[in-house]
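Before I ask anything, let me first share the structure, which is written out below as structure tokens.
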Amino acid sequence: MPDVLTFGEAMLRLTPPGMRRLEQAHALDVWVAGAELNVAVGLARLGASAGWVSRLPANALGRRVVSHARANGVDTSGVAWSERGRLGLFFVEVGQAPRPSTTLYDRDDSAFAALDPAAFDWAELLQGARAFHTSGITPALSAACEQATEGALRAARAADCHTSYDLNFRGRLTTPAAARRCLERLAPAIDTLIASMGEIEAVLGIAGPPGDVAAQLRDALGIRRVVVSARIDSRDGLQLRHSALADGEVLERESPAFRTVDPLGGGDAFSAGFLLGLLEDGPGYGLEMAGAVAALKQSIPGDVAILVREEVEHLLDGGDGRTRR
Amino acid sequence: MPDVLTFGEAMLRLTPPGMRRLEQAHALDVWVAGAELNVAVGLARLGASAGWVSRLPANALGRRVVSHARANGVDTSGVAWSERGRLGLFFVEVGQAPRPSTTLYDRDDSAFAALDPAAFDWAELLQGARAFHTSGITPALSAACEQATEGALRAARAADCHTSYDLNFRGRLTTPAAARRCLERLAPAIDTLIASMGEIEAVLGIAGPPGDVAAQLRDALGIRRVVVSARIDSRDGLQLRHSALADGEVLERESPAFRTVDPLGGGDAFSAGFLLGLLEDGPGYGLEMAGAVAALKQSIPGDVAILVREEVEHLLDGGDGRTRR
Amino acid sequence: MPDVLTFGEAMLRLTPPGMRRLEQAHALDVWVAGAELNVAVGLARLGASAGWVSRLPANALGRRVVSHARANGVDTSGVAWSERGRLGLFFVEVGQAPRPSTTLYDRDDSAFAALDPAAFDWAELLQGARAFHTSGITPALSAACEQATEGALRAARAADCHTSYDLNFRGRLTTPAAARRCLERLAPAIDTLIASMGEIEAVLGIAGPPGDVAAQLRDALGIRRVVVSARIDSRDGLQLRHSALADGEVLERESPAFRTVDPLGGGDAFSAGFLLGLLEDGPGYGLEMAGAVAALKQSIPGDVAILVREEVEHLLDGGDGRTRR
Amino acid sequence: MPDVLTFGEAMLRLTPPGMRRLEQAHALDVWVAGAELNVAVGLARLGASAGWVSRLPANALGRRVVSHARANGVDTSGVAWSERGRLGLFFVEVGQAPRPSTTLYDRDDSAFAALDPAAFDWAELLQGARAFHTSGITPALSAACEQATEGALRAARAADCHTSYDLNFRGRLTTPAAARRCLERLAPAIDTLIASMGEIEAVLGIAGPPGDVAAQLRDALGIRRVVVSARIDSRDGLQLRHSALADGEVLERESPAFRTVDPLGGGDAFSAGFLLGLLEDGPGYGLEMAGAVAALKQSIPGDVAILVREEVEHLLDGGDGRTRR
Amino acid sequence: MPDVLTFGEAMLRLTPPGMRRLEQAHALDVWVAGAELNVAVGLARLGASAGWVSRLPANALGRRVVSHARANGVDTSGVAWSERGRLGLFFVEVGQAPRPSTTLYDRDDSAFAALDPAAFDWAELLQGARAFHTSGITPALSAACEQATEGALRAARAADCHTSYDLNFRGRLTTPAAARRCLERLAPAIDTLIASMGEIEAVLGIAGPPGDVAAQLRDALGIRRVVVSARIDSRDGLQLRHSALADGEVLERESPAFRTVDPLGGGDAFSAGFLLGLLEDGPGYGLEMAGAVAALKQSIPGDVAILVREEVEHLLDGGDGRTRR
Amino acid sequence: MPDVLTFGEAMLRLTPPGMRRLEQAHALDVWVAGAELNVAVGLARLGASAGWVSRLPANALGRRVVSHARANGVDTSGVAWSERGRLGLFFVEVGQAPRPSTTLYDRDDSAFAALDPAAFDWAELLQGARAFHTSGITPALSAACEQATEGALRAARAADCHTSYDLNFRGRLTTPAAARRCLERLAPAIDTLIASMGEIEAVLGIAGPPGDVAAQLRDALGIRRVVVSARIDSRDGLQLRHSALADGEVLERESPAFRTVDPLGGGDAFSAGFLLGLLEDGPGYGLEMAGAVAALKQSIPGDVAILVREEVEHLLDGGDGRTRR
């Protein structure tokens, strides 16, 4: 069984090519996406043993999702197949300032949202795992999904797995109040919370310097370790400034500068990088990997970080953007 | 207000290019489709005044549908917009023998299926109309849709409009028994039933030569005019053999031979051609137009007959397939 | 009849994808374009009632233009069809510094250029209209077009419509002297002149701060209201700085910063935004809308501002470029 | 200087991909086409020394045409450049029965049509040439073109070159009467007339078995050698049946069966094959090459026969359609 | 470990889209191909447990091959990675009669061809396997490959696995004499030989009715079971007529009729179908599956049979080519 | 015979569109590339008479290369055809910071690398030439290539041709030590060395201000004229700062600022521009042309500078990046 297990929904993402608007598109590029699947793919591609637990409709679209996961080396033995329910979709327009990128969700009534929490034998699924990861999107999908998320986190805790939770607040999916209530319910079983500063403020109303945010989160939720990130402008494009806050200690890093080719999946790449580094060498390496993988992801079309380890290390070793030939 | 009004759902149709399978597609061609919309487009393009009544989600996908209808000259003032509900989708694989073309419907919970029958003021909508058309897909979508269909047909009858109903049986959408029950309920308000021989047998268990089928339909359902079609092999490809059966009289025609570029929308083109000819010059001309428009549609990508009148007449005048230059 | 009417030629625009040069292109993207049509589309999409008056060849290319206009909600009842003459074309290469974007016009002998000024019954066409718009391209196409433009502007004045005129100087189409002579002839019937600072200098030899330019234009041409714009560099890309000058008063605005995906149609989006705002709430709101719509257009492929009102307002309300999800 | 010289106009051909209609196309495939250029390309690719004389606008489109010719090995030193006039275009829809392929010409006012007959020094251009070829399209473009065609044919005759003339009747370009009048004027300078049976009947009203047709043509026009072809159905698709008629002798051949991928350029491939074979080994070999090259061309997208000699010979040697691997 | 193991090289296949010739292509479609990999993919997709043993270069192209295999459910734990050597390529032109499809191999010096036979521990790899499959392409690649093939077949025999060998003669890769010599060397370890009648004649000089061929093969090579196939014309396209010959008994089947969308991979689909049926229910079922899977493959772009079991059974149950909806 | 002759290998360059990674690409754009061919194309397009000497496999890929060269006006009479050997390929991923563009070479065993130095009759080839150019890639391909390069340079010297050599160090092709050794061997026959500052440091260990570098190179290698360039950041993108160093005199220029659409071929465009200017008007004009052509090339997809002279001059005359219309 895999070392790291993630749990969540996957969707087909449909994007007009060439920055067209949906109303202009006569063809749509097809990608497979899903926050937790993206994390599993990121981990597996960079050398971790990763698996993904989910539920898919038993049709060509469901098969396509599994093909994508397997192609990238993710163990999919934990995927349940359903004769009913659909595969969620979302339409993404890639914008350019001042036109924002947008998502149009069409994910209601998915096979995943209709899952039966009792159908997942987490003790079995987690056998041998060192870490479990999910995000705030999963419990937001349905009451059953929230119940399953809680069950998974608790089982992971019981199995001595590290549990991580990306806040992943989506205003088109849930509300700040609901996201907060859900986080409070799940917090006792979360080892590491990953979130952007903006999300923390939107959902929890907490802002300030990283150290303060960490202290407030510990007080409010009892979560010991928080990894926060913020997007900042730099001379050469954008950068992430991110921190891991644990037990009073604050680690800070800055990612390489990047320009964005595809705006989605950066946060999932960040989580994948952090977990990889964390499991290999602790939170400091986690932060470094997180920034490098997330920055590289921004240049890659689609939702996942199509990278190999050597490329991340080349960047961490100071490799510049010159053509490699 | 338009002369001919149609009523039904529209969807986005997503098709892998180049005869790829869905699992292989990395882009999907986007078309707007929907049986009754296709009929309205066919009519409007060939010179009729046509409108389409429907309900769409108020988002980019809904706007795209209306753009398509308007671009082809269809009056869309009868379209209601909904803040809730989605635009139905379907995925179509175009096959080649022995691999059949397939459709994967993803149209549950559409804005259309959730319509409120009372929200359509048919007396108002039908003002000035000469004909109303819908198909068996519309009432199959939900109880509300069935009720709306019945209301529309009765209002049309009351307004002295010709009413036509394409049986359009879809095994992946409903059952033969349900389609039959629905047809029996609506039959008293139907002037012309359009169906393929295969559908009539599947839904009603009636088979035999056209004359017998007509008599049996009249006895069973009280529908006076039936237009039936059958696909036959010919030396140069396929052909439609179709008949109009009314008041004991049987008219028969054969379409030009055709080869299929896109397998969908042929039946809708047939209905459009029939209604156009019927309204202009009676059922005989209707059958001729039906066969020509349907045969030409088979060569056109997408769901609708992108034609102008002159092209149909060139074919009816014996024009062969030689390059026109 | 529509509230705002525009008058001008439409063309097919053919553009190599992926920033290729024309000599490298093996396929060309097809767009419908034309300054005044673009304005009508911009207006109709943002909620105004807009119509477009033109003349098109009665073939597939002409039909395509009308489909585009209707799809975007523009009234095309004022379009005349011609059995003779062609649809103008232009080839556009999208460049990247230091390679400029270029246009190769192929619009001679169009059906529009050969129009008969007497064939347009402006009193009839303008019935119920509040505003009429055209640009310097229209009279530059032929003597007949210049005569028709003058007739239209005068009829609009007579009908108490607001008349606007975008200078739209094109060096590959006309000369500064001819553009000036034409503007002088039409000026008495123009309420609002829209132009870039560069055009005003090129055509009229007038430069300086906005207030001075306005005063000189009033003195030279007797035009009371002038809207001028200039493209300036900003930290985040480009920006428009634009002013409305009327009756001694000078209003100034800056657009949001933008980066350019498609360099064409920005001026038309500016005009559409200005007219929309002007008609709804006066020149101040007109300038704000102009800047926002023009900035958003730069990010949209093709010649027209494929937007809905909510998007423009989101930007005016301070919405940043973050992904909306 | 080249062995064979052809003379005529070249155009850009724009074709919607995937059998779409022009009204549906959002991109157009770009090809370079022109009957006499196609013949020169066919000849040069199969090993002959061929040149093409023409006139092009001095812009990116004109350069593209010359690039295409040179890429395929055609000598373009006889091309004149013009600062004025446009490159002709035509739009081609590729159909499928019963929908015919269609062409929409947009070639008026081309740089070629405006040529100055006196500007071509045929004696110089034809130095060293063994054959000269043109077609009925060239003189149909303008009076100047007809005069230039006559001048060229006479100069070729004077230079002892073999002259060939493909009747190439285009109903959308000229009339049967005009084509006949033109042929009668040029006939004294034509050694070989190439035409389809259908064209001969349309233009000259002559029909019947090949032998009779030849006799009538000799009597009517004084042309000694005629190569006629007819398209016939065969079990495996279509076939050409073609004959060379000279001095009372009739040679007959049938081409390999073919299915059509692209309907244009087949006649030009036929002429290229015939001329190649004729010059190498007389009319019998000419007919064999003509049928093989024309049949192969039908399977090749675009207007020209992208072939190498070995492929034609493989077919003539009885090679079947099995994958070569 | 998988039930069925195959062994061979994989390549990138590059194909011009739209039936273009290589000289015309400005983009190439990318597929992963390789006879034995195709068989493994076919088996895995239809429900068998299949693995593939090979050797790949450790670069992006090699990773792509493994992604393809894994995406389709093939076990790739038996793939060796090499820091040296390239991934073989081949260019495929898809033709249309009379132009044959062609392959241009560019596979010399591949990482696979340079394999070290001693590096594969077949006893280990074959643990738990029921069947082993390879084809004549593998030993033709290099002396090392031939040695490895022999080692694998012998080990499979020793492990009581069924061994099958597709003759797969490629004239652009080897000679009939070499293919014969190689087959004679390997024959003692082959249980089932799969070949087309044409290949058998080309390589072994044996022809005649199936029964005779079987007898001669048994006498000549000592192979007990032979599955032969021949492509025949049918009213609706092509068909395979195929036979299994074993122990004096001859089974004969005909495949469904098919038309060809992609000419490659049909033989591999045939082998996959045969092995699947053979292992599940003996040679009779094997032949039925072989014909159905091969016929379906012809309609699928790329080299592999992107099918699910239900689709094959639908066809075997008499499903016609009508749209399934 | 051409005025300028270049000598080197050409390859097919395969690039995933839309900044995709190779593992994600389902189609690859095809370009013809090769440093010395690129220089010849650049020269020929800008008005020089240029030829290219090389060796190609006699297949469709080799023909494609020659078509590309001829299309752009390059004389290819010096190309030798080989029945053996392949056309080299390379795969290029276009990146975006921080992901570097990468090249994956697949050029071993090319027909070019296997050339016979004795087969090129340089005295004959260079007849009438004023300049000969090659680059460090050519001798790095094989010992035979190095020998041929030396032979060519010496013959050029003997024929009083100006000889230029672009250092073109490729770490994935050779080593600094080997590149140095080769340069030292060839230096006596080189008139002008073209290199980037980075290459000079990597290969020769020489750094510092241009004047010093020149002096050191003269001392170390005896090369009298060196043209060096460095890429620097500027407010509007990147810029080249380049110098020509000869006989103690140092000329310095800066190129226009540019943003990169395609990262390859910029150095070859630089060389083409320099040689053009040098031959026309000396090193000063050479440097100006070099900077302008190289900057323009960065905006053009593919490896070559698809430009005409007027465009370069427009830029040198201070033309900004505004749309030309």
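Going in written order, the chains are labelled A, B, C, D, E and F, and every chain counts its residues from 1.
Methods note: a residue touches a chain if its C-beta (ideal position, glycine included) is under 8 Å from a C-beta of that chain, and two chains touch if they have at least 3 such contacts.
The model shown is predicted, which means the values in this text are computed figures rather than measured ones.
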Touch-network distance, chain A to chain D, counted in steps: 2
Type of chain A:chain E copy interface by residue overlap (half), same or different: same
Most distant chain from chain E by Cα centroid: C
Geometric centre distance via CA averages, chain E-chain B, whole Å: 45
Length of the line joining the C-alpha centres of chain B and chain C, rounded to whole Å: 40
Two or more partner chains touched - positions in chain D: 17, 21, 23, 26, 63, 67
Chain contact graph, described as a line, ring, star, complete graph or other shape: other
Every chain pair meeting the contact rule: A-B, A-C, A-E, A-F, B-C, B-D, B-E, C-D, C-F, D-E, D-F, E-F
Footprint of chain E on chain D - complex, ascending: 17, 236-237, 256-259, 261, 292, 295-296, 298-302, 306, 311, 315, 319-325
Of all residues in chain F, those that touch chain D in their complex: 63, 67-68, 70-73, 308
Residue ranges of chain E in contact with chain F within the complex: 14, 17, 21-23, 25-30, 59-61, 63-64, 67, 86-87, 89, 91, 104, 106, 108-109
Interface residues, chain E side, partner chain D - complex: 18-21, 23-24, 95-103, 105, 170-172, 263-264
